[in-house]
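There are two complexes below, and they share chain A, which is joined by chain B in the first and by chain C in the second.
Let's turn to the complex of A and B:
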């Protein structure tokens, strides 16, 4: 309600167009138009020689009902959800700690948290290969401890989850931290004063009040994971294959652009539906809570 | 009325934040049913003391006993001590009903009983119709009442207030002050109240501990604190005051003693045993001065007893601050001595303007001698 008024005012003034204009044009040229092109490609006929023929067909979508693609989508969805939950579980305490620490420690913590994002994905994944590979650090350590056989850690779903979680954790922690920073410490004390143990306080005060941050974080992590392709490609092998990698290969290896386009459209639709659903339910809850 | 049983005993409470910043050692006892205030400027340690009692700070030294039982080694959620915050600290995601029921729910009280007790509390704080609202939909005063209800519903053995009225506007603050005192008297709950507002402390408390730099400067009922401050700090902090340096001159009229201020004004004060030449500090409350017309026909000169003739003097008005009920005059007495004088606004005082000469009188009994 409070925000509606300035928005309306901005709608009438030319300043609005000035602020949004440049990015709007950018989005139009580099997102909307290419995406429309992808949508168009997805209903074109695939041709092994000409890549795509301007002849409409539903074949690209029909093919996605094959068990292979079905499994692929299911795995992508499943792994992304696992990564999201894992990041939430790991990220919530971390976010709380950072939000409540003194500025010096907070700065250091944020730096450490964001550092992985400053390293290229390829290099970061290579680090994991060194650790998890058949002759990697973990297996070497196990052998030293007397294990006969090394563990197969790399090229598993677990490896993909690990890699994606590391990459996504900052996206979870930052919005939750921002939400917790807005919760007055006196609320924590009030809860404890009223008889809540620290755990009860966290569950009844911090958790519900950091929900907006948690939802934003979850949506970010989920989206990043759903569309990931380098990490699954390098750490997942065949067992950890995800849709993003499939699209990449359809485009660059198989030259089946219409196939890649249909995969893209379905992946995007899936993500938009889930993100929309999450936003709708949380917004509705927030409205019920605040506007009554 | 406060009972004779000690409810809360704070013994040698010390909290060291750093070698330079230390609160305490503080010792005081709060009686059963008493309204006890910790009063002082910011940084005097009053909030730290309260937070130690609530369990949100750990003591560096000392003990706190509630009903004779050690309190300071218990975690904050097992203290049976209610705390009302300056910021109210209501849970924004819960309705008023759920805010007040928060503690009962944690104690696994059954639903019907929670509903009954929450309704009863809302009646008590005069807010029967807001149960389903969220804190953001309430005014500051309403939020404060909900916060009080939320603490009271648990029937704590001790209620702590951390400057609960300082976020309210003036009128509401006065009104809430009355309500708070009524509520506390009616329920007989022992209360420890932290404030920097001396009027609030005087109005509410059975006893006040005035704190300065982590120490108790004076502990006593409001009347003592105001009339007989133990130190210049207390005198200055409570109410506006004239603190005047003076030296004992010798016996005055009757049993009284005469003193001379550093600006050469001679005053008669109640008898002190000090030898002539001893330095003393005098406290002259601005409202204790009375105006006399100077000529004998003025009726306002009449109530002043004979012996106060010694403390009758003429002063030149430097400026007048018009406060409605009162006028505050800054005057210079006896050519040199600056004084702050407060007089009731009335028909006769309208003529007073800066530069005017007025005749003033102060009863020697109204002059308090400070030892430190």
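Let's turn to the complex of A and C:
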């Protein structure tokens, strides 16, 4: 009979490579190398006939300063910020309610939150197209109320914001809910016993303590929105174009691969910078709070 | 419990849920309509668009031959690879473990549209034509982290003394793992596999780039149909997807703490 080895000693054997190796190698081949290739491609020369020529140039990046791309990035940033704020406003109270409700309601609430998140984006957008279209639900209701002409709701920035908010709201609610669950209800009672109204208690107790959840939720919502493609493509028309669409078209229809690559790199860099900044400011704030 | 969750929050919450579920409800309602436009509320009830869906060769192929097959294959591969990775990360100590874990979960935060474009351009450089195989390769990247999360949570919550007890009764380390730990991990593994399937089944951003011209997945086919010739068989296809995904989530909600997944 083999003697059972103590766990720690077995743990130091090179066996870990067998467990961690397969996915590690897989990610190297299908995640790291593809993005390395994009970085390389982004400094290649674009040629209308050969797609990409291996001559180094900064032209693909210089081009992004043109008014067209600049507006595109600005719109993408602006819409993503609006979506993030909207999701925070809608998500905070919902997260609080779910965190503080009985387990039966919580189970149902979580199901109804996660189910729409897992259905394909294209289907959710299709639902919105039916609701907002010229003959859609909203316009029918308006006509019943006596409106002469329907509103043009689809193919506007507002439609894109609505669609993106619906899609990313669960990303906001779940982390905030987790943060609020960690706050002891006795803190709320203490605040209210000392004379705070519910609103004051929420603003001074719940909000600051759920900040880490709010930040991670906001980061998730923001990055989902920044890289959106399906929603602006089907709901945005010309007015609601976003960077994701530009990348898709430059790869698959315009065959400007170096152009698409530089857009990908800039979008990733922009997102990483903003995410890093948000994390840095919250850490800094936390440190300042501690120092106080 | 005095004064918690004030009443006025309830109407607010119901309104937010209405917003969240509106598109899905509308899609399901339209799929049972009888007219050939997207009427909501539907003017008459019929199964006409389900018949149209099942008699359309492209819809049936994209649903059963492409999306379902790729989803199941993704689930299988992601579960094996992801479970191995999770076991390695939780049970074994090695240098850089933390960094490896971050790396393994990174596909959760890489935007899928960028990953799709990057893999597409990479395959183009290798002169590897896109097909269902390349889509499967892409889906494994994004589905495996879900399995890793599930199995990690399952392993962390397990009492290590169970395995030790088995070993003190004469099992080798490997036997103890297979006979004691693995059965206890069953619900984590099932949940991981189901999520891997759903991620693959619902994905459109990778599929747009990697599915290959001859074999669109169901979401890609729906996307093309919405853009060009729209008839309510799209709604039938979408309603089927909603029911499958909803049913699977209901199933795993019984097995696992769902919120860990997002």
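Definition applied: the second predicted complex is superposed on the first by the 262 of 292 C-alpha atoms of A that agree within 3 Å, B and C clash if a C-alpha of one lies under 4 Å from a C-alpha of the other, contacts with A are read in each partner's own complex, and residues count from 1 in each chain.
Keep this in mind: a residue touches a chain if its C-beta (ideal position, glycine included) is under 8 Å from a C-beta of that chain, and two chains touch if they have at least 3 such contacts.
Owing to the predicted nature of the structure, the values given are computational and were not obtained by experimental measurement.
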{"item": "First, second, both or neither for A:156, with chain B first and chain C second", "value": "neither"}
{"item": "Touched partner set for A:208, first chain B, second chain C, both or neither", "value": "first"}
{"item": "Which superposed partner A:200 touches (first chain B, second chain C, both, neither)", "value": "first"}
{"item": "Broader residue contact with chain A after superposition on the shared chain, chain B or chain C", "value": "C"}
{"item": "Which superposed partner A:189 touches (first chain B, second chain C, both, neither)", "value": "both"}
{"item": "Which of chain B and chain C A:47 touches, first, second, both or neither", "value": "neither"}
{"item": "Touching partner for A:252 - first (chain B), second (chain C), both, neither", "value": "second"}
{"item": "Those residues of chain A which chain B touches in one complex and chain C touches in the other", "value": "189, 192, 198"}
{"item": "Chain A - residues contacting chain B, complex", "value": "184, 186-187, 189-198, 200-201, 204-205, 208-209, 289-290, 292"}
{"item": "Interface residues, chain C side, partner chain A - complex", "value": "1-6, 9-10, 12-13, 16-17, 19-27, 30, 37-38, 40, 81-82, 84-85, 87-89, 91-94, 100, 103-104, 106-107, 109-115, 117-122, 124-125, 137-138, 140-141, 144, 148, 160, 164, 167-168, 170-173, 176, 198, 201-205, 208-209, 218-219, 222-223, 226-227, 234-235, 238, 241-242, 245-246, 249-250, 253, 258-259, 261-262"}
{"item": "Residue ranges of chain A touching chain C (in the complex, touch as defined)", "value": "1-2, 4-5, 7-8, 10-12, 15-16, 18-20, 22-24, 26-27, 30-31, 33-35, 37-38, 41, 90-91, 93-94, 96-97, 100-101, 107, 110-131, 133, 135-137, 165-166, 169-171, 174, 177-178, 185, 188-189, 192, 198, 223-224, 226-230, 234, 244, 247-248, 251-252, 257, 260-261, 264, 267-268, 271"}
{"item": "Of all residues in chain B, those that touch chain A in their complex", "value": "54-56, 75-79, 81-83, 85-87, 89-93, 102-103, 106-107, 132-134, 136, 150-151, 154"}
